[in-house]
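Going by the order they are written in, the chains are A, B, C and D; count residues from 1 in each one.
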Amino acid sequence: MFHKLIDRKGFSDLLKDDMTIMIGGFLGCGTPETLVDIILEKGVKNLTIICNDTAFADRGLGRLIAAKQVGHVITSHIGTNVETGKQMVEGSIKVDLVPQGTLVERIRCAGAGLGGVLTPTGVGTIVEEGKQKLTVEGVDYLLELPLRAELALIGGSLTDKAGNVVYNATTCNFNPIMAMAADTVVVETRKLVEIGEIQPELVMTPSPLVTHIFVSEKS
Amino acid sequence: MFHKLIDRKGFSDLLKDDMTIMIGGFLGCGTPETLVDIILEKGVKNLTIICNDTAFADRGLGRLIAAKQVGHVITSHIGTNVETGKQMVEGSIKVDLVPQGTLVERIRCAGAGLGGVLTPTGVGTIVEEGKQKLTVEGVDYLLELPLRAELALIGGSLTDKAGNVVYNATTCNFNPIMAMAADTVVVETRKLVEIGEIQPELVMTPSPLVTHIFVSEKS
Amino acid sequence: MIEDINLAKNIIARRIAREFKDNQLVNLGIGLPTLVANHIPEGINVIFQSENGIIGMGPAPQPGQENPDITNAGGALVTALPYGCYFDSAMSFALIRGKHVEYTVLGALEVDQEGSLASWIIPGKKVPGMGGAMDLVVGARNVIISTLHTERGKPKILKKCTLPLTAKHVVNMIVTELAVFRVTPGGLALIEVHKDSSVDEIRANTAADFIVADNLKTMEV
Amino acid sequence: MIEDINLAKNIIARRIAREFKDNQLVNLGIGLPTLVANHIPEGINVIFQSENGIIGMGPAPQPGQENPDITNAGGALVTALPYGCYFDSAMSFALIRGKHVEYTVLGALEVDQEGSLASWIIPGKKVPGMGGAMDLVVGARNVIISTLHTERGKPKILKKCTLPLTAKHVVNMIVTELAVFRVTPGGLALIEVHKDSSVDEIRANTAADFIVADNLKTMEV
């Protein structure tokens, strides 16, 4: 019925050079760290990473940048990872900075089949460059467009074998939104449980969104 | 610290003729029925109601239409309430029919400070009349605008005294989205508990959104 | 023609139920489409979504097991399977519009050879509203229309819908008690015929132009 | 001038903490604004939101009580109060953009007399990114800028920001160790002066035009 579990090799086989990957987490909290390990091991190059922030050079998805595997990052904040700034200055990584609330809405648009969203955020700043501006009832808004990925890597706390995911506390952040906006969705879960063991109202990512489940090697 | 409990009179005092009110529920499931009772008792007139559907003439918020208290309804479905159709034909109620997914996104826009959203739903149908049409990457979308209310009436299953609300099963529907899009938000809760008794990951409506808590008189 | 309407409806439901693969997410409309759930072949697990906010919807509850908090989009009491979960209407329609639902099965007032559908209003007569139908047909990966071939002797499948549309060019497949059609870029294609019917009978009862597929089959029901 | 930077920062934090009323939802930025939480007057319950997805954030955990799943937007471990709850980033920014947050307190590289703010980039030098700041200043009902009055002797409050903006015309109040300003439709208004400072000293260290409010007060700190 549900056969979603994959191992290291199964996940590694999904990875290719030049892929666009969304990775959940907020400064490392809620990031699927074992999956990041496996990307490091495989050494795929020139990735486009969509993420809230580039975390740290030695923790979270920021390790991929330190390993020079990332050619392009779409994110809201790079200040905590010295490598991102350094490579940006060198010209070896392209950085698109997007306001955090806009970033999550753009991902949500892709996941929800919406063509775009009007936000007041960024009006009158350099964020509006190259964007369509619309005025609704006298207020200016930027039209922000959907953002999708080939692969979304999600950090779950508790997952049942069908693929229903629960997120503890602030590990939630971008994870459930990203789980809607990629062709293939892999959840690294800290704990795997049998179907029926999760209170259904706790589920933030319903099982049909999850392609593969990987049991975390981190505590 | 938190003083949000109100009684019948407290709620009744909030009601005025000509108000715009959002009411949660889906064919009556998740509708705050005691609050509807109190609106019936007070007899305020010419209300604008925003709701998923007009439920039934004798159950759910549809009772307000049967009592001729509603001048305008913005909803996705009226087929289960004979009174809505009858009054529409008579010309005594104005009915705006909105696709369900568009309705919930319009309410979400208001609650989330977004100026509008592009949806493919309704393109090529009479739903597009009077609306701005935008083409993004070759696909046509309708620009749908925010929808707010003065008052939102929410049906909660479990609420703590701070105002954190949990919704059981399919009682959820429009409730948490409407709780973000009104000046005053009243939750009718089936069960009231002390602060600390709710698992924080279960909360769908965080306490600051809730103005008043009313303990339901229904079982 | 198949005169027994109940038999006809069950032929349609049974045929549609054969379309689904294991673990696909499916949304069934109210009425005829709901019957499809009774005919899922053994060994296939179809995951049912209902737009009021549930995935993993099960059958109607046994007497005494009713929970008024678990309903479907028709307002009927249902059950949830052990892998089921709940969410709000924003998430529900994000799933629907966002191409996460594999199939939607809906009824029709009219459906046409261009894949356009009319199902929500007969102006001046009947105005139930579109509910979630407009989002479902635009958002689901596959749109199957389940309909009796004719109503009061009149064809339901037309050259062009005359009633206000639910959506334009969205239908992938039309299943009646007599036939299965696919909407293709080249027009409507008849791909299956019920064993008790014939291409001639279908032509006589269909107001649309259609081609007969080279590999025309007998409807497996 | 107040030379002790720690003292200066605590003056700012203490003054800002007096702005809040019971049960208001407040988002504090990283750095100086975080200090505000230490100075909330007794009897006032301020509800802290952090944009990574928590309402009801409490203080840093006691040693041995750390939970790596509970962090703030700066990545630091925090606690949750009994009325706390969690949500995803879409909900978090819906709360922020949707005017559900009463106050946001943020630092500044520059802030100007029109209420515009620059806080996220020094082109060619330092590019941390805007994080949630652009949404916070556009969405919160009240925007308070907490900043030392000068940096390396140079005024932080300008006629017009020179760096790329975080947002235009959004700041309501500026609090420094010397003064409190309100941004009004008529321009910047000096409304409070620290007891050890003076209007002259403030004028000498402010590069913006401002009017002195009729009812100019001593900063209560």
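Keep this in mind: contacts are C-beta pairs under 8 Å (C-beta built on N, C-alpha and C of every residue); 3 or more make two chains touch, one makes a residue touch a chain.
Note that the coordinates shown come from a computational prediction; the quantities given were computed from them, not determined experimentally.
Asks: Does B-D or A-D have more contacting C-beta pairs?
Replies: Between A-D and B-D, contacts are more numerous in A-D.
Asks: Which chain lies the greatest distance away from chain C when centres are computed from Cα atoms alone?
Replies: Comparing chain centres, D lies farthest from chain C.
Asks: Taking each chain's centre as the mean of its CA atoms, how far is chain B from chain D in angstrom?
Replies: 35
Asks: Averaged over CA atoms, how far is the centre of chain C from the centre of chain D? Could you give it in whole Å?
Replies: 55
Asks: Determine the centre-to-centre distance between chain B and chain C, using the mean Cα coordinates as centres, and give it in whole Å.
Replies: So the centroids are 29 Å from each other.
Asks: On chain B, where are the residues touching two or more other chains?
Replies: 105, 108, 113-114, 119-120, 167-169, 172, 200-201 - these are the residues of chain B that touch more than one other chain.
Asks: Hey, what residues on chain D touch two or more of the other chains?
Replies: Within chain D, residues 80, 86-87, 93, 96-97, 138-139 contact more than one other chain.
Asks: For this structure, give each pair of chains that are touching.
Replies: Every pair of chains in contact is listed here: A-B, A-C, A-D, B-C, B-D.
Asks: For the complex, which residues does chain A have touching chain C?
Replies: Result: residues 1-2, 108, 110-114, 160, 162, 164, 180-181, 195-196, 198, 200-201, 203, 206-209 of chain A touch chain C.
Asks: Which residues of chain C touch chain B in their complex?
Replies: 50-54, 67-75, 80, 86-90, 92-93, 96-97, 116, 126-135, 138-139, 164-169
Asks: Which residues, counting only chain C, touch chain A once they are in their complex?
Replies: Within the complex, chain C contacts chain A at residues 22-23, 25, 45, 47, 49, 55-56, 80, 82-87, 93-100, 138-139.
Asks: Flag every residue of chain A that touches chain D in the complex, lowest number first.
Replies: Against chain D, the touching part of chain A is residues 26-30, 52-53, 75-80, 85, 88, 95, 97, 99-102, 104-105, 108, 119-127, 157, 167-177, 204.
Asks: Residue numbers of chain A touching chain B in their complex, please.
Replies: 105, 109, 113-120, 134, 136-137, 139, 141, 143, 145, 166-169, 172, 199-202
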